[in-house]
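Note that the chains are named A, B, C and D in the order they appear, and that numbering of residues resets to 1 at the start of each chain.
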Amino acid sequence: MKKLWQKNWKLDKVIEAFETKGDLLLDQKLVAYDVQGSIAHAKMLYKIGILTEKEFDGLHVGLQDILKLHKAGKFVLKTGDEDMHTKIENYLTKNYGDVGKKIHTARSRNDQVLTALRLYSKAEITKIQKEIQSLIEAFKTMQSKYGSIPMPGYTHMQKAMPSTIGLWVGSYIDSLSDDKEMINAAYELIDQSPLGSAAGYGVSIPLDRKFTAEILGFKNVQENPLYCQHSRGKFDAAVLASLTQTLLTINKFASDALLFTTGEFDFFHVAQEITTGSSIMPQKRNLDVAELLRSKVHIVLGNYTQIVSLNSNLISGYNRDIQDSKKPFMESLDITLQSLKVATILVDSITPNKKKLKVSMTNDLFATEQVLKLVLLGDNFRDSYQKIGKKYTKG
Amino acid sequence: MKKLWQKNWKLDKVIEAFETKGDLLLDQKLVAYDVQGSIAHAKMLYKIGILTEKEFDGLHVGLQDILKLHKAGKFVLKTGDEDMHTKIENYLTKNYGDVGKKIHTARSRNDQVLTALRLYSKAEITKIQKEIQSLIEAFKTMQSKYGSIPMPGYTHMQKAMPSTIGLWVGSYIDSLSDDKEMINAAYELIDQSPLGSAAGYGVSIPLDRKFTAEILGFKNVQENPLYCQHSRGKFDAAVLASLTQTLLTINKFASDALLFTTGEFDFFHVAQEITTGSSIMPQKRNLDVAELLRSKVHIVLGNYTQIVSLNSNLISGYNRDIQDSKKPFMESLDITLQSLKVATILVDSITPNKKKLKVSMTNDLFATEQVLKLVLLGDNFRDSYQKIGKKYTKG
Amino acid sequence: MKKLWQKNWKLDKVIEAFETKGDLLLDQKLVAYDVQGSIAHAKMLYKIGILTEKEFDGLHVGLQDILKLHKAGKFVLKTGDEDMHTKIENYLTKNYGDVGKKIHTARSRNDQVLTALRLYSKAEITKIQKEIQSLIEAFKTMQSKYGSIPMPGYTHMQKAMPSTIGLWVGSYIDSLSDDKEMINAAYELIDQSPLGSAAGYGVSIPLDRKFTAEILGFKNVQENPLYCQHSRGKFDAAVLASLTQTLLTINKFASDALLFTTGEFDFFHVAQEITTGSSIMPQKRNLDVAELLRSKVHIVLGNYTQIVSLNSNLISGYNRDIQDSKKPFMESLDITLQSLKVATILVDSITPNKKKLKVSMTNDLFATEQVLKLVLLGDNFRDSYQKIGKKYTKG
Amino acid sequence: MKKLWQKNWKLDKVIEAFETKGDLLLDQKLVAYDVQGSIAHAKMLYKIGILTEKEFDGLHVGLQDILKLHKAGKFVLKTGDEDMHTKIENYLTKNYGDVGKKIHTARSRNDQVLTALRLYSKAEITKIQKEIQSLIEAFKTMQSKYGSIPMPGYTHMQKAMPSTIGLWVGSYIDSLSDDKEMINAAYELIDQSPLGSAAGYGVSIPLDRKFTAEILGFKNVQENPLYCQHSRGKFDAAVLASLTQTLLTINKFASDALLFTTGEFDFFHVAQEITTGSSIMPQKRNLDVAELLRSKVHIVLGNYTQIVSLNSNLISGYNRDIQDSKKPFMESLDITLQSLKVATILVDSITPNKKKLKVSMTNDLFATEQVLKLVLLGDNFRDSYQKIGKKYTKG
């Protein structure tokens, strides 16, 4: 398919595949958002007199067409299409005539993809926020069911002090509450419209950027057009850092779940339906799901590394290196969303093994309490500590 | 020196050095904050009746003593001291008698170090916020002096569209404004008092955590004691991610500064006083400072990797692995602070080479403007693009 | 489809998708290697008397069948298949009867996937080695064509000393030669057969591991079965680290190519066929390909981070977390292979702009030579340096 | 102190501190290697007739002086010294007259620091190799003492198959053997002399680089002077990647040690002398040392990230960004060395809890063996698996 920039030369085929192959699969997930951005842009061009009403109507119908085809799985990007922006303009021109040649007036693929990615991010983050809430609810249910049951508290993986299921589960509820705040902060940051920044230097026609920002539901216009470009990597990084908070919470819960369901600890049981077996060992029932939840923070950490590292040491203005940040960015949003859903199922399926928990509440857990009893009787802390400590000293 | 936990065995010397050597250097920077936390804790113990007024006064004087010694460089942690908490308690006991043995009543080194680190972080972040503002001011001064001077705008490192020094510098001002917001969000997150969470499971004595939080200037109490522990790695990561935003901004500015001051571009000159020479090549004058500003985001990225990676796959409760996050955490705050100061000096020292900028405003930069002129005359965008494009096509 | 371990419970559908969805796409690329491993295993079972000749023949035919289907794109893994191992056993049992139920005798999916991954890696690395050689040849051709042409040498992005195209290009030839050595070292490391280690603890039947190692072309048997498991993450990391060497070389060349083809430097031209244009700016011709080559080391760095980070803090024996290392591992091999091919095209397309290079050989480049001339006349170095330095000092 | 390049301007003090403060501490550790390189360089200058015998003797004595001062802790780099190269030349000139002004003839600080770093690396790696061997010996001793004692083998943190202490410990012996090979490969790579490459473009005087390489004990000369520069980051990365292999081995052993010494598993005991207590809980005895061993691979992973990331997107020739790789590089060598020493102490201190291990060898561990017994009696594997599996299925 003809490139938007095509003149008297053709791009080498190997180079073309290298530049676009993986990216087209990602663009496929952004089509609806790109159409949304294009409609807003066209509406604005009509408002400022660049498009006639008829032209806008034509483009609008064409763009709605694309959306329908896309939803039906019939607007599929293939090698040769370069990107979704190209395919959309080409589709409009082919099917709706010269009006298609007007859709790109006063915009660049640079601000277009920025806009599509922001809309996509906002939608995904909204889903993630909902799933965090679901996970919080699952923990709260667990807490209200089993909260008062005592369990040992650990430090250095050794028994430390008496705890309860309520305290343990409560730590995850508070953790997720903070996680939500951090994701909110990232959302606030990205909720700025880059549309109209063109290639990073604006255009010589006065656009109504506030108008498109409002149509698209952005809180405000991101004013400096060059900063629109520079903010892409920064915003991607900020979003991933906020997701990492949530995945760290899930990672710790999965780590606990795996330890506390070992045969040796045996504090909790999980529903058989979420365990898997072994191809060779017939007795096995493994909590693979917790292992695959545990691994996810590492994946997003690597994705963050990619995004920060590839966005560094680049001069100002668009550099195509950042195309390679699309995959780690979009993948991380999806990983977080799926992990939250699965973590909620895991929490729902856990039941305490009360017997084992009871016998685990051994005396040593109460050593500090004994020290503090002596303190309340008037002894100083350190001497009381030494006194009680003697009971636990060998030799 | 005797460990707080020492009973009938002695720690192997090699192990002791491995566990504490590097950490003591970091603790040295936290002493004032640890004393501050200790005073608040003692005040609260007095309030709830664990300490008498006299005992509190004794501890208070002793802690002020330590502070004075520390400020005079005479409270120096050495191998054998284990950590600052130990040295402080030992100092109090040695110099103020049995009251020293009471300071650790109902607290753990776990919540103590958390408290000291939060106070330290809040203080450092406050300095960083101020330096961001100074850097913004430097850019604004530059903008008001030279803002209207035209300069080429680049994409893909090739001339793209007309820009101005004002537009270019403005991108950094807007970038830093967002950076401030992200650091604010991290500050809000960490502004919670962990004091009173003890070893992660609270204590059997009812503490007045709200009271200590207020004395120490925390916005609120971080309620769940186990989450206090878990939040350390998460908060460290959140803070570093927010600093990374600032360092990405500085990285791009340094990258621009290095390119735009090459002999070939020669758009800007810098004061001789911030350049360095070569030991072998007598003609050289290098902008090393921009190179060393450019490198910093990579350092903090690696530090972030350390913190997220080492905080993962750990079960709940304190695990000593996280001691190793102290260095990358504290170092990153310092790197950011220093980088901001130095970046401000760099900005202050830059002057445009007007002549070179002027001749760089070549016709090709205006190709898009020509296209849009045709559009305003009624042509469609894509055909106008092709028409103008012909002028720039070889062959 | 029935799982190999399926008994009286069914895996939750959401959990199943979470655990297998992405992995099946990767397994698809390993099918041929898994079949290869299965044939070797079956041959060995026949040799040690577990399978009859007839049974072996049956399995052999069945496995060849699968290979043919696979090559024809008709052996496609879908959600519900769990993994390729399961699909292969199920296919054999369904189409070849009870003999299919014998293929898994004395093996685990753990050693199976290890074997398939090692065979895959060896094949991919062999391709990569060939492409490194091609890239070296391209640089050598460039060197023999243009080697003697002078060009400025840079330090700190400023002109430093006289250089030549030959010296510059030669640095990449030497770099790639070292890169090959490092990839060889990684190849040597992974060239060990894990087949027969079963789930990490061997089996109670004496297998002939040397026999399968030979059939599969491994240099030797990896003896300790538990280490076979532990080596997966380590070997993945070692391979990626070796690829990173190559990608660092490519990254630097791409960085040079982008700078030296800016309008301002203009030292080299590239064939139009490997450049791309802009959707909005008709005059543009960008070297996107070099930008996308430059970005790749960052991607593989992030992948390395994922692999090392997710393989850490895991106890001995198989943990399913490591399934998530398959993607970054396989992707990195592919990225390196494609980058080498594309870099070769880039090198082939570069021609020097002799005029611009000539005028760039300014006097300042020879300042050190002048110093050394004075040295040869008997002056000491530092005073000569100062003498020549005066010529280049303003004010 | 006067800079080597100082002419008619002075470097801003804040900039100077930013550029050199941390670096001077690192240079301090390299002084002996820099002197070694300087002696070799001087010897070569004498050989090719640039220095007279008397001049060489003068420099030689002066350099030996510096070495003695350094060993006595009296050659201390301070802010203002810029770097060790500068301090050394200034010392020679001040104390030995004009001959000091000749030491820098035909060399640059660029090849000087490269040389010092390589010599340092080679020495540190040699120590590390020795410590790996000590750790292997410790594991072998453990194996010969307790090797035949049965212990459960785990997958997914659940009991899987019967294992032995010998098998478990053997996995670490094999792992360390591979680790040694990878460190050897890195050593081979860096064993090339960069001395004589000057600022990356050689010099106009014919140096005898083979001669200095031999004196310094390098296997060969690294020919291309520009590649000498480019190889720094690559070699640093290669060395760190090889160290990561060792630290991954230690990380897994530490993870096992922590789990297997929990009260719940209780498979092994450790000598009291390597455990530490709690400041608040008198009963505690924690294996902190294993936690701090476990954390180290994460630190070096972050250091690797720093090195690869900051070496990327830099054009050819020296760029000062790479100064910031000195710290993560040198620190990683030290961390690995210390970790090996401490891991050896840990291994030496471990004793099995035979009673607990014995009762842990439960029937379920032998389920696969039972399946294979049926197989040897003629049943097929999958049906036998199902038959035995029924025993372990609830409901």
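We adopt the following convention: contacts are C-beta pairs under 8 Å (C-beta built on N, C-alpha and C of every residue); 3 or more make two chains touch, one makes a residue touch a chain.
Every value quoted in this text rests on a predicted model; they were computed, and no experiment measured them.
S.K.: Can you give me the shortest step count from chain B to chain D, moving only between touching chains?
M.R.: So the least number of steps between the two chains is 1.
S.K.: Of the other chains, whose C-alpha centre is the longest way from the centre of chain A?
M.R.: D
S.K.: Could you state the distance in Å from the CA-based centre of chain A to that of chain D?
M.R.: Roughly 35 Å separates the two chain centres.
S.K.: Using the average of all C-alpha atoms in each chain as its centre, how far is it in Å between chain A and chain B?
M.R.: So the centroids are 24 Å from each other.
S.K.: If a residue has to touch 2 or more other chains to count, which residues of chain B qualify?
M.R.: Expected reply: 4-5, 7, 104, 155-157, 160-161, 198-199, 259, 272, 277-278, 280-282, 284, 286, 288, 291, 294, 298, 301, 304-305, 308-309, 312-314, 319-320, 368, 386, 389, 394-395.
S.K.: Under the definition above, what is the set of chain D residues touching chain C in their complex?
M.R.: Those in contact with chain C are residues 4-5, 7-9, 50, 89, 93, 98-106, 110, 153-157, 160-163, 167-168, 170-175, 178, 181-182, 185, 188-189, 198-201, 203-205, 222-227, 230-231, 233-234, 237-238, 241-242, 244-245, 248-249, 251-252, 255-256, 259, 294, 297-298, 301, 304-305, 308-309, 311-320, 368-369, 372-373, 375-376, 380-383, 385-386, 389-390, 393, 395.
S.K.: Could you please specify the touching residues of chain C with respect to chain A in the complex?
M.R.: Contacts found on chain C: 3-7, 9-12, 14-15, 18-19, 85-86, 104, 107-109, 198-199, 272-282, 284, 286, 288-289, 291-292, 294-296, 298-299, 301-307, 309-310, 319-324, 328, 338-339, 341-342, 345.
S.K.: Quick one: which bits of chain C touch chain B in the complex? Just the residue numbers, please.
M.R.: 155-161, 258-259, 262-265, 272, 277-278, 280-288, 291, 305, 308-309, 312-314, 364, 367-368, 371, 385-386, 388-389, 391-392, 394-395
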